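Dropping the structures in below, format is structure tokens.
Across the two complexes that follow, subunit A remains constant while its partner is subunit B and subsequently subunit C.
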Partner chain A sequence: MVSIDLLAQTVSNGILLGGIYALAALGLSLIFGIMDVVNLAHGHLLMLGGYVAIVLFTMAGLSPLVGMLAAMLVLFVIGIVLQRALLERVVDEGIEQPILVLFGVALVFQNLGQHFLGSDAQSTELTLGLGGLNLGSVLLSPSRTVTFVIAVLLVVLTWLFLEYTSTGHAIRATSQNRAAARYVGIDTDRIYMLTMGIGAALAGAAGSLLSMLFPIDPYVGWSYLLKSFAVVVLGGVGSIIGTLVGGVILGTAENVTALFLGGSYRDVMTFTIFLLVLLLKPEGLFGTGGGGE
Partner chain B sequence: MNTDRFMLGVPSSKRTVAASLVVLAAMLVVPFVTTSYYTGLAMTALVFLMLGVSWNLLAGYAGQISLGHAAFFGLGAYVAAWLTTPSAAGLPAIPFPLSHPVVALVLGGVGAALVALVTGPVMFRLRGHYFAIGTLALAAIIRLILTDQRSISGGSTGYYLNAGMGEIPTYLLTVVVAALATIGVYLVVNSRLGLGMRAIHDDETAASGLGVDPLRYKMYAFLISAFVAGLAGAAYALNSLYINPTSTLAVTWTVDTLVIVILGGMGTVAGPLFGTVIFMIIDNGLASVLGGLATTVEGIIIILVVIFLPNGIYGYLKSYVAQRREGDTATSS
Partner chain C sequence: MALLDVQGLDVAYGDIHVIWDVDFSVDTGETVALLGANGAGKTTILKTICGVLSPLDGDVVYEGESITGIAPEEAVRRGIAHVPEGREIFADSTVKRNLQLGAYTNRGAMSENLQRVYEIFPRLEERAGQRAGTLSGGEQQMLAIGRGLMSEPDLLLLDEASLGLAPVLVDDVFEAIQRINDQGTTVFLVEQDIHNALRVADRGYVLKSGRIELSGSAEELAGDERVEASYLGE
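Presenting the complex of A and B:
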């Protein structure tokens, strides 16, 4: 029998982890919503972001928070390059070509990571002069709390950007109707580039934040891709609140499963939830997704 | 001019049959005229050929991009292992006809097809991107569960098979099975069944408007595809006599299969054959030069071929030949 205290601790850790999942999923959701492409390399972009923070931490001793900003910058550039060099050529060519091209990109990242950074899992450490927050019997560890706050902050900032800037409006217009966006003078090619850049930067941020909690190795890409996609499916494409709630549900479900069934069932539960939601409620819990395409 | 045509021409059906028989005969004599190293390479090529043929049917003809093909390969391998060597999984002794390697091989395919039968109606509620990612998740679930169930899968320590057939008989069996699988899929794609699959690939809504039930044709493609992938897995297990969840269920099998079919040409019968030959050269030639970066080159090949040669190398050759022909007729008339 699991004690109530332990369960409460597990659930709160899951909620905090869910913030980062929401951040990773927001990037995927943005790219999907605007370009109608599921970024199969999203988990691998996240992995690269984690490694930017790890390399800066182990080689230069930089705090992973600085590493996160660097990772966002690096991944923003990688996203733009991917769009310019590859995706631009296949993005409106049906679904097979983008799937296969992005699958190829994921393989290249994974293999390069394995070759140049080694297969051993590495992580960063967040050193803050803070103690954990005590809520009754539940302890919110400083690194989990800080990463959660940053993740949610980035999600909100992205939302504000989309909602209140003219570029944000152009992005949303493109997602609603690309042809109409063109007629009113929006450079949709530029919007696609920007979207890919922002999506990749958000994945990079999520990877850096995760490196403060869990070790990262070059093979984590597929697993985080499925997790991010599960959150998108749970929350619905394009819904910020849905994405946050989806992240929290996934993080909590994973941690509770690990507590009752053992750590090796953590991912089994994630993928099962994902398949179930996809099958039973393809429009997502918040009703804006499009499960048919 | 005529020699040109002979060299480049799309072979007539008689020539295709003759060429296929020569290749088949050559594959059959490999173990008797070369070393065991080359037999091993030929064996690997046959396994890849079966995987390529099976994925091509599902993705190239029926248009369902599955990223979970490794699951059926691995299930085929494990069924063959459980039947030939039940004691290693703590299963009771399996009676004779079922435990024979030839029967175990076929049942490996049947086992994979049964899983496809159960999961198919569920997976095909998903379309396009969702189907691709759904199959990726399904394969991950199967791999994680088998890895965790050490008693039946051997866990990471692995599972030793005691199939007792010897290297050469296993190889010859695989040649026969691979040939039958290739011919079988060829017959399927040229039948009414194949026509239905291509119809739902081109336009699902239009096809169903004309009375082609998409789910039914997708299921046929999925079942046959899983069956052949299971055969490939069982052949792999009977030949290597050692398997573990990673060596049989890892995403690498899916990756290599995709490379083969995309390289050769999706939706063509000759595509997987071309792709297998080129892949074997890349995998063995380039790997020794490039070492650990071989997968990067594979990834780049996928990207470049998809963007620049969307019909694969066979498709490119075919259209090249067709163009030459047109040129010929133009000059002669």
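Presenting the complex of A and C:
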């Protein structure tokens, strides 16, 4: 029998983890919503972001919070390079070609990671000199709390950027109607680069945050891709609130499943949620059913 | 001096040559109509002027400078606004946001330009907070034209502004075009509606199978049987 305290602890850990899932999924959702590109390399971009923080932590002793900023910068550049060098050539050719290209990119990243960084899982450690927060019998550990707050902050900042800046408006206009965006003078090639850059940077941030909680190895990409997909499907494409709620639901469901059935059933839960949403509410909890063109 | 001068324009889609040696010009302050049947190549010419298509050969000169093959966003910055066929609005955004996006390259005088558009199309002010996709066809056309005006263009390119509208709305749209021109914007419009187009235009060109077949003042063309004949084949 599981005690109520343990269940409460598990749920709160799941909620905190869900914030990072939301951050990871936001990048995937943006890239799909704006460019109609299914970024199969999203989990691998996340993995690279984790490694940026790990390398800076193990070799230079830098805090993973600094590592996260570095990871966002590096991944922003990687996103732009991916768009310029590869995706630009195929993005208007339908949905299949970018998928194939990005699948290839994912494999390349995975093998590069394996070659240069080794197959052993590594992680970072967040030292803050803070105690955890006690809520009754539930302990919110410092690293989980801080990573959650940062993840949610980044999601909110992204939302503010899209909602209140003229570049954000241009991005949303491009997502609705690329032809019309060009007619009003928006450089849509630049918008696509920026979108890939931001999407990759968000994945990188999520990877760095995850490295403070779990070990990262070059093979984690597929698993986080799947989780990000589940969150996007659950929350609905194009809804930032949906992404946050979806992340929290997935994080909680995974942790509760692990508590009752064992840790190896986590991904089963992810898949189950994925399939149930597609069956029962394919537009997601907050989705608009696609929207735009 | 001509505001827009197009010389020897040839345009092809891949191997299919659609525009042959087309010359025309538009002077500052004029309204000029490009007439022709469906498929004559009118839209292709507009898209080439504003940089969406690049010509095989020929030159597009705007304000005395060649802008051939310019990027569309650069054309907007230089003062050319293109209101595309089929309206192409931002359906999920509000009417006001659509208009604001029209001022993307020219945000300085946003509120004056918004006021000017609302004066020409009061209906848009009434619907400012409404999602653009919920507007009627005529209102969407007004929105597309209004959005084009938000960049404060010197030259407004209108592609089939009246297509698919109820007759009463067609009159409204042409009246608005007249007003826009009276306020100092040069207008180049592409139309299948010969009668209305020649009513608002100073001059016109008739395009047939990718070649300029006739040109002249609006009165001359309105009285010329060959104009209508060019729509009906031989």
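What we mean here is this: the second predicted complex is superposed on the first by the 288 of 293 C-alpha atoms of A that agree within 3 Å, B and C clash if a C-alpha of one lies under 4 Å from a C-alpha of the other, contacts with A are read in each partner's own complex, and residues count from 1 in each chain.
In this section, a residue touches a chain if its C-beta (ideal position, glycine included) is under 8 Å from a C-beta of that chain, and two chains touch if they have at least 3 such contacts.
Since the model is a prediction, treat every value here as computed from it, not as a measurement.
In the superposed model, A:P142 makes contact with neither subunit B nor subunit C. Contact with neither subunit B nor subunit C is seen for A:P215 once the two complexes are overlaid on the shared chain. Of the two partner chains placed by superposition, A:G168 touches none, neither subunit B nor subunit C.
By the touch criterion defined above, A:V108 reaches subunit B but does not reach subunit C.
Judged by the number of subunit A residues each one touches, B leads among subunit B and subunit C. Legend: residue contacts after superposition of the two complexes on their common chain; A:Q176 is shown touching subunit C, with no touch to subunit B.
By the touch criterion stated above, A:I186 is placed in contact with subunit C alone, subunit B being left untouched. Overlaid on A, the two complexes show subunit B and subunit C touching the same residues of subunit A, namely 291-293. Touching subunit A in their complex are the following residues of subunit B: 59, 63, 65, 67, 122, 125-130, 132-134, 136-138, 140-141, 144-145, 147-148, 251, 255, 258, 262, 266, 292-296, 298-303, 306-307, 310. Within the complex formed with subunit C, the subunit A residues making contact are 166, 169-170, 172-173, 176-177, 179-187, 288, 291-293. Those residues of subunit C that touch subunit A in the complex are listed here as 50, 52, 71-73, 75-77, 81-84, 88-93, 97, 100-102, 104-105, 107, 147-148, 150-151.
The touching residues of subunit A, when paired with subunit B in their complex, are 37-38, 40, 86, 89-90, 95-97, 99-101, 103-108, 110-112, 114-115, 222-223, 225-226, 229, 262, 264-265, 267-268, 271-272, 274-275, 278-279, 282, 291-293.
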